[in-house]
Each structure stands twice: as structure tokens, then as C-alpha cells.
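Chain naming follows the written order as A, B, C and D, and within any one chain the residues start at number 1.
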Amino acid sequence: MRGYSEHKDDHLRRLRRIEGQIRGLHRMIENDEYCIDVLTQITAATRALQAVSISLIDEHLRHCVSEAMAEGGALAEEKITEASNAIARLVRS
Amino acid sequence: MRGYSEHKDDHLRRLRRIEGQIRGLHRMIENDEYCIDVLTQITAATRALQAVSISLIDEHLRHCVSEAMAEGGALAEEKITEASNAIARLVRS
Amino acid sequence: MRGYSEHKDDHLRRLRRIEGQIRGLHRMIENDEYCIDVLTQITAATRALQAVSISLIDEHLRHCVSEAMAEGGALAEEKITEASNAIARLVRS
Amino acid sequence: MRGYSEHKDDHLRRLRRIEGQIRGLHRMIENDEYCIDVLTQITAATRALQAVSISLIDEHLRHCVSEAMAEGGALAEEKITEASNAIARLVRS
């Protein structure tokens, strides 16, 4: 069981759709489609990936971090540091 | 007391420095400095603001959310939703 | 011919690799891998997409916008507005 | 004269407003205001800075890069490389 298990099917469906978007980008470049149209699709794929990461962070806090906090101690501290580092990477990317 | 109280002076110092960066940007444009140099400074100020927000999120999780979780119940849920929404705004900005 | 034609193979190769990263993400969630490891991979895929978009913008300026500017007039203005809007979408995403 | 000269007053006004936002952030932390409210204001200031940078990029392309392209040659190439690098820094920040 992971923090995201409850919405696992939803995440898998979203990732399949993103995979389709990336294949669509490949096809657009193969067919020499207009640069700006390719860029618009890249923005859409990037936002879709962000949406998945935002859900995962939420569920990670709600389950994994929450449980570690209930137990308290050093593990709880570690879990928060780990989550903060992941958030920092997302904010900076 | 807030999540960030322990590092309050550090945050205040960082914000003063960012205020100085913004005033520096104002001066650069007033003096007609080169566009690309202005852009480089904007990137630096944006990253400095991100660094403050990443610290605040970390301390918010470590204190406010942590305490709400220790009490449990609806308040804990609410605090996580609120934190996730703040994280989402940062990731998307 | 498009702005990116000269590096078309390179872009196609990069997109194939990103498609592989997305499939890898799907597999990670299917196998219930740890949330933070999934998030790290999402950050990597997002950055890889950004790198493609940065190359496309560069080549678009270097070729499409450059040619429109050589002809001048309203078309050049339009091309710059279009490029600026695409850049704005990338910066905000 | 710079690319942004035509809208110089507008940029200066916007930067003054952002300086006010940063001072507001300083005051919020000084007054121990709620972490999430501080984060919301940081997001607003970051977006305001992004808006300035997007305008500057647009005007830089429209004037500086455009003029270099009209002259052509190595300088035009250099100007595009320089602009692309600035765009890359903004997209990644």
C-alpha cells in the first residue's frame, strides 16, 4: 500500500493519456508540424505531469507523512524532510 | 507562534535582501540597462522568493500540519488540503 | 521545412526517451513503488520536456522568426507576438 | 534606448508595486501572520515578476533582436543565443 493506492487507477489512466500526448508530439515533429503548435502541446503535457505530481504530493502527505507523524520521533522528521525536498524539486522545475 | 517562528529573523533578512533586489531592478530600468541583464536579475529575485517559499512550506509541515495531525480528525484533513493547495499554487507559478 | 528541421532526429530521439520515462512512471505506480521515487521521476520527465521546448524556441527564433523579420512588416510583428505568447505559456507552466 | 524604453514607465510602476508586495511580506512575517497567507502572497509576487520578465522578453525580441537580425551576420546569431539563454533561465526558474 502506498499513499496513492486509493487513486491508483486514476493515476495510471492519466499517465496513459500523457504517454499518448508524448507520442502525439513525436508524430507532430515527424510530420513537420508548426513549431508553435508543438510548443503548445509540450505545455499541455508539462501541465498534465504537474497535475499528477500535485495529486501524489497531496496523497503522500495525507497518508505516508501522516502515519509517520502519528508514530512521531525521528522517522516523522525524516519523512517531512524527504517530502520538503521533493516539493522543492517540483517548485524549481 | 507560527511554523516559521524559529527562523523568523532569517526570513526577514532574506526578504530585505529581495526588496533590495527589486529596488535594484527598478534602478536598472531607470538607467536603461541592457534588457538581458535585467532579465538575469529578475530570475535571481524569483529564485530567492522560491527559496523563501520552500522554507515556509517545510516549516509549515513540520509544525502547523504536524500539530494538527497529532490532534487528528477533520482539522488535520483540512490542514493537509490547505497545504496541498498552497503547494499546487507554487508548483504552477 | 520547420525551424527545428535541422535537429529533427535529435528531437525525435529525445521524445522517444521521454515516452519511455512516462511508461516507466506507469510501471512504478503499477508496482506500488514509493511516492517520493515516483515524484523524482516526474521531475526528471518535466525537465526533459522543458529542454525540448527550450530547443524548439531557440530554433524557432533562429529560423521562422528570423525569416519573417527579414521580410519585415506586419508578418514579422505577428511572428514575434506568437513567439512571445508561447514563451509566456512555458514560463508560467 | 533599450527594447523596453517605450514601456519604461509601466515597468517602473510594476516594480514599485512588487517592491510594495515584498515589504508587505516582510510585515506579514514580522506580525506572525499565518504561513499559508504568506505563501499566497509570495505566489502573487512571483507571478508579478514573471509578468515583467515576459514583457521584457517580448520587447527585447521586438526591438534589440529584430534590429540585430536586420543587420544580419554573426551579431544576429549571438543575439538569438543570448535571448534563448535568458528564456531558458526563466522557463527553468
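Please note the rule applied: a residue touches a chain if its C-beta (ideal position, glycine included) is under 8 Å from a C-beta of that chain, and two chains touch if they have at least 3 such contacts.
This structure is a prediction, so every number in the text was calculated from the model and none was measured.
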Relative to subunit B, the most remote chain by C-alpha centroid is chain C
More than half overlap in residue numbers between the two sides of the subunit C-subunit D interface, or less? Answer same or different. same
Rounded to a whole Å, what is the gap between the Cα centroids of subunit A and subunit C? 18
Between subunit B and subunit C, tell me the centre distance in angstrom, where each centre is the average of that chain's C-alpha atoms. 28
Taking each chain's centre as its mean C-alpha position, how far apart are subunit A and subunit B in Å? 21
Which parts of subunit D, given as residue numbers and ranges, touch two or more other chains? 47, 50, 53, 57, 83, 90, 92-93
Under the touch definition given earlier, write down the residues of subunit D that touch subunit B in their complex. 1-5, 8, 11-12, 15-16, 18-19, 22-23, 25-26, 29-30, 32-36, 38-40, 42-43, 45-47, 49-50, 52-53, 56-57, 59-60, 64, 82-83, 86, 89-90, 93
Seen from subunit B, its contact residues with subunit A in the complex are 47, 50, 53-54, 57-58, 61-62, 65-66, 69-70, 72, 76-77, 80-81, 83-84, 87-88, 90-92
